[in-house]
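Letters are used for the chains, namely A, B, C, D and E, taken in the order the chains are written, and counting of residues starts over at 1 for each.
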Amino acid sequence: MSRNSANGGMNRSLPSRLRSRFEGPNTIGESRGFWVGFAAAVAALAIYPAFGDGSQLSLFMVLALLGLSLSVVWGYSGVLSFGQVVFFGIGAYTFGVVSINFATPGGITAAVVAGIVGGGLSAAILGYFMFYGGVRDVYVTIITLVSTIVMHTFMAQTAGSEWAIGEAALGGFNGMPDIPLLTLGVGGLSYQFIYNPFPMRILGIGAFEISPFYYLVLVLLVGTYLGLRALVNSDYGRVMVAVREDEDRTEMFGYNVTRVKFVVFTLGGALAGLSGVLYAARNVYIDPTVFSLLFATLPVIWVSIGGRKSLLGAVVATLAVEYLRISMAGELALVLLGTLLLVTILVLPSGLVPWLHEQIVDTRLGPGEAGGADTPDAPSEVSD
Amino acid sequence: MSDTETESDIDPLGPNVRQTAAELATGDRTETLLQTDGLVKQFGGFTATDDVDFSVAEGELRCLIGPNGAGKSTLLNLITGTYEASDGSIYYNGHDITDLDPHERVSRGISMKFQVPSVYGDLSVRENVRLPVQQFADGEERRRLVAEAIEAAGLTGYEDVDASQLSHGQQQQLEIGMAAALEPDLLLLDEPVAGLDVAEREAIAERIRRLNEEAGIAFIVIEHDTDFVASIAEEVTVLHNGEVFREGPIAEIESDPEVQRIYLGGES
Amino acid sequence: SAGEGGTSTDTASSTDTLKIGVLEDQSGNFALVGDPKAKASMLAIEEINANGGIDGKQIETFQRDPQSDNQRYQELTRTAINEENVDALWAGYSSATREAIRPIIDRNEQLYFYTTQYEGGVCDEFTFAVGPTARQQLGIVLPYLVEEFGPDIYTIAADYNFGQLSADWVKVLANENDANVLGEEFIPLSESSFGSTINRIQEADPDFVMSMLVGANHTSFYEQKASAGLDVPIGTSTAMAQGYEHRRLDAPAMANIYAGVNYMEEVPTDSNTGDGGFVDRYFEMYPDAPYLNEEAETNYFSTYMYKKAVEQAGTTEQPEVIEALESGIELGTEEAPEAPEGETIKLDGATHHVDHHMWIMRADEEHNIEAVENRQIPETFLSETAGCNLPENPEQTQYTPVDYYEEAE
Amino acid sequence: MVNGINLALQFLDSFAFIVLAAAGLAIIFGIMGVINLAHGEFILIGAYTATLAVTQLGLPLVVAMLVGGLVTGLFGILTERVIISGAWPNYISQRTLGRDVIEPLYDRLADSMVATFGLSLILTQGARIRFGNSIDQIATPFGAISYGEFSYSSYRIVLAGVSIGLLLVTYYLFTRTDFGMRARATIQDKETAQAMGVNTDRMYMLTFGFGSALAGLTGALFAPVISMQPTLGDQFLVEAFVAVVVGGPSVVLGTALSGGVLGAILATFSNLYGTFIGRIALLVAALIALRFLPNGITGFIEQLRKRRQESD
Amino acid sequence: MLELDDVSAAYDTTPILRDVDLSVEEGEIVGVMGKNGVGKTTLLKTVMGLLEPSEGTISYDGTDVTHASADERARAGVGYIPQGRDVFPKLTVEQNIKMGETIRSDSDETLYDQIYDYFPVLEERASQEAGTLSGGQQQMLAIGRALVSNPDLLLLDEPSEGIQPSIVDQISQDMQTINDDLGTTILFVEQNLGVIREMADRCYAMERGTVVDELGPSTIADEDAIAEYLAV
């Protein structure tokens, strides 16, 4: 520990103090190397549309927000929710209904807020119903699972014309195709993010079009990731983790465990709602498949494959799994995908990203380097 | 509060007149800290605690003994709110806490160490200790309190070790440290030295005595090791078949033939 | 390349290949119907390539399995248009799929063939809905059944736009034929237990049932009604011709079921079942394929229509190809090898629909199929009732019966 | 009167469906702590095996159905050895790498979910590749009974009888036999069970195999009345999960009771208000049951029993 | 009867036992003592077969059982009472005992009476779920469950932990009775000085994963000598 205080005196520069907010024992990546890599990854994402299919990547990034919502709720607070897609879907449908009825920039902006609130509120209601009713463990999983099935059953039969809210027909299996283009702002002070490409020309790369929606999602994803990192490494995050590890014990330290779960669940719902809003906005469409068993299983898969105690894992695995899902072709595609999931979870039970991290740390910790200023405990000392 | 009606039930030698060494020294009057009133807990057809009236004074160190299945753990679990009482009331600092949630009781100053050690195995020792401390301390003070608690638990040097890697005795020490770090007024320990070797038993006995004397924390300690009981407490309560069977100084209790028959056995 | 909404007429046109996108369900609830569609497209493409391609250009394909999932359809449609730059796109079985991707099609001004029998009414400058419509299918089978069995009808239909609108058409046609609809029931696509539906049909006691059930789950209805001893005649636009229930189920589950269709494997035309006909060619390429269904034929002939249009336009530039298609492509003037449903088959340029040759196909106790009636039925709802004329008046609308008929409400 | 018969028959139908859908899952989830998302595909294996045994091998229907159960049971054992316990891969890796590569999936809910989800993709698509989008179906035996203007498939009444029989066999097996006790002991505490002389490996394998066989039998029994296609298992999943959890800790009794309660709700509401309302009613009832009886119906009954004892 | 020769064992990759040599003669009662964490439980697990030795050999009744599985050893007559009362929480008390009985074909009914005699509470609570017993009651159940299989070699890991003093005395006496009457060989781990002195014919002392000393009857009788081994 003396090493830490010695270091503390010397390099408590502004960046390191800033960094400390985002670091702690609950996340991986406590080194300068990590943050350099992180910045490089964000930069790569920022210029990716010049080379690849940015439209598709924007979809994966939207879904990564959904993955993150499960990661906080389950990975950090121990509540295995099968219902993130409920809040996702409610967010998406709310956005659709409100924006169809108020198709002005102000109305659409309000619809975004409504979608997020819708996701959060529905999670709050379900969470209140469960947590304050003493429902725990696998029963939470199953209640949330049944909730998605209820939503699926219900939404799948709203094809009839009697199922409309104002101007917006719910559409059942047909889905809701007439969602207005995402525009944020009011009146003249607004900007359209969907179908509004602007041409770019970069020397050495050439001409291409970039989609404002892509950058909107990128900013939201990076912001959410950093925000959640700060959250899970805060005092509140420590309590979340304690709840995950042992609810009864945590209650005996005077924490209102029920409320912690309720709050985190609601937050996760709002985040899933945001993801749903962006999903509906990007596709200009939403249908009940988002409530299907398959779709409900996906977040659990992303988070399990990526590493459930890793926010970064949720993001990376969402991008990877979704890329594979869309791009594998041929009749063996599903067999390969299934095999891949199966083998990954069997061989890397703690997840891809924690495993990679271990590999990197193991190989990097050569002689002489192990004692650097970036050993895991140093920043966690600072964060107090 | 129904103090007036229960007055007569209170042992005349009870907590109101008992004082710890520390308080005797400073001349403070002791007050009843915890009082149970006709506490009943039933599991199905089985009555685990039956009409228990039991009290602890501020700063008192009380041991709870009695045969296996007497209802000792049940009583502690009722006090912490882990179990809901079938009947009766619990008063703490003069307030009825019978219907409070466990965490609300903790925030009023009751803290507990479970019978089976239950530290957060996947978290480091430091993270374990921070959890109680962060509730009332920040920054520099928090760092100091965390370090002190770790040191008091004899775990200096183990700060970054996952709690699951500690020995049984170290886990017990850590858990007591965490419970004590809440700065409670009443600390409940359920068999804190079961399975510990002699040296660790002594370390924990020492720890309990110090917390009691220096921090003025009141204790209820369940333990079957009579030597250990004798080394920390003067007063013991014997529970039997869910009822308070005897209460009094340890020496007196140990020589009580009825207690010998139901609990201590043999010659003693 | 990332932006949405750019036009997609670049690249391939100047090269010596052209690219066709084929997105048909090969897994999920619609796989049974989607798989023959994909196979028939491949048959047409293979035949065309073997005969020198289109105007000397070989056809490349972009083929993926959308897994009966509309959101996946959208994604793959975007990829087909923006990344693969397909010159023409065939995509989707269900009407819900079509409506989910049509906005993307229209925004990208993509030439699109929708090849399923459907409820009708799509009047869209970029979409060629070349399957038969409800008015054509129900229009042949419903009057026949009223004549044969009586005027009381009970409707069961899949609960989505196709089923809802088809049920409306049953009401319209019932009205036109002095029949009445005793009841109608919409069944979610995930449902596969029909106990209470069968009870309700028995309670209503109709002269015949009109069934517009869709997808693999709904197939269970036929065996369940048979084993429950419900033997009311059934008219349908969906059973047998698409999912070949008469081949898969043990007889006599499908006895007395009348399908109003433009095509099924058993359609007794020479160009279909004759030597070297469509059936022979298909099973030569796919010896293990289970059945050649209604939609497969539509994929097949529409690929030839596209070929003819490109050759007529002399380019794969989509506006020109669309113009050529609108000039009224007609196939099979002599032997009609590409139009096995009838003698000839003609695209109506004004509506982008086809005046199909329609058949009533009935299954008997042994599940043998006989054609009980057949005639050409022109598409009239768009051309006459709604007044759709796309070359004159480009639009992207779907007209529905409620807009024009009181009884459809 | 007639509607009463309708309702009664529909109840039998729903009861049989729920109980049979849940039976295999109840063992694998309720006893072994594995959420088997490939449950539907186990049902598929049973259904396909039984159907093919009739259409390809010409076996009598009853024999074919038993074969369906048996083959699925064997497949379950294979799954358990290779994936769930990882015993075979570990045997190999022990000898090559000197360590285990797979940590058993018992009581790892989410991981077991991901793994069995992968398995279900493989099985569904494998069936599609091997057998196409459907296989020829067998007819429903036993004809129909009629009453008034209504008629009903006799086979469905047989199903109800079989479902009760299976419940009784399973109940007997797990509560009244040494095998059952050892299986339950194994799941609760593997090491101690070993020390009590139980070959725990075999217990895991057999219990999983038995649960799989039940799923396979369900598929075989329903083969005549559902559409034979690779996703046929999906239609059982919802009822299966709901029934298992609503049933609560005593697996067999719970399944029977939740089959009874949920079956009654499903039958009544479908009969009165249509299939959709029936289904929604079933799900809402499940949610309410879970919320107010977090230990399921059998947990609730246990509580009642204790309360009665208290008042004695 | 039991012979450990240079046995080493590890959890995954963490080595715990190092070169343990130890032997127990038929009919003996042998104690193992040592501070917390020295590897006593690990030793018993290795003897039981719950942990495979990385080196060395274990023979039981003259046969090499080094690689035999735990259930095989149990059926061969090794009984085990784990530390921390590992009863099957969801089985009833009766079923827990029955689990012990079914190990061996030659177990006999009269053992039940004997066990109920020692621990009447087990008979009273026959149909209670074992997980809801009090800590001490669970310990009694664990002992009863092992006895009912009539083992030839009984492994006891801190049998007195959490048990009220009178029953602790009783258990030591009972174990001796069992040893006398049935000839059961006993290897046990204890922290309780009284129990060690009462029961053990002979004793091994462990430190950091290995046996460091063997104590004969005379040393065992000496309270201070023992205390020294437990408290170093």
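Miscellaneous remarks
By our rule, a contact is a pair of C-beta atoms (placed from the backbone, for glycine too) under 8 Å apart; a residue touches a chain by one contact, two chains touch by 3 or more.
Here's who's who by UniProt: A = Urea ABC transporter permease; B, E = ATP-binding cassette domain-containing protein; D = ABC transporter permease.
Since the structure is predicted, the reported quantities are computational estimates derived from the model, not experimental observations.
Seen from the C-alpha centroid of chain B, the farthest chain centroid is that of C. On a Cα centroid basis, the chain most remote from chain E in this structure is C. Between C-D and D-E, more C-beta contact pairs join the chains of C-D.
Chain B and chain E have CA centres that are 31 Å apart.
Centroids built from CA atoms put chain E at 51 Å from chain A. Chain geometry summary: the mean Cα position of chain C and that of chain E are 76 Å apart.
Chain C has residues 26-27, 188, 190 in contact with two or more other chains. Across the assembly, chain E contributes no residue in contact with two or more other chains. Each of residues 124-125, 128, 234, 276, 279 in chain D touches at least two other chains. Considering their complex, residues 6, 9-10, 13, 17, 124-125, 128, 132-140, 143-146, 149-153, 155-156, 224-232, 234-235, 270-271, 274-276, 278-279 of chain D touch chain C. The touching residues of chain D, when paired with chain A in their complex, are 37, 83, 86, 89, 101-103, 105, 108-111, 113-115, 117-122, 124-126, 128-129, 234, 237-238, 241-242, 245, 276, 279-280, 283-284, 286-287, 290-292, 294. On the side of chain E, the complex with chain B involves touching residues 34-37, 83-84, 121, 128, 132-137, 139-140, 158, 161-170, 191, 193, 227, 230-232. Across the complex, chain C meets chain D through its residues 26-29, 31-32, 35, 185, 187-188, 190-193, 195-197, 199, 202-203, 205, 216-220, 223-224, 226-230, 243, 247-250, 253, 288, 290.
Residue ranges on chain B touching chain E, taken from their complex, read 43, 46, 66-70, 73, 115-116, 167-169, 191, 194-200, 224, 226, 260, 262-266, 268.
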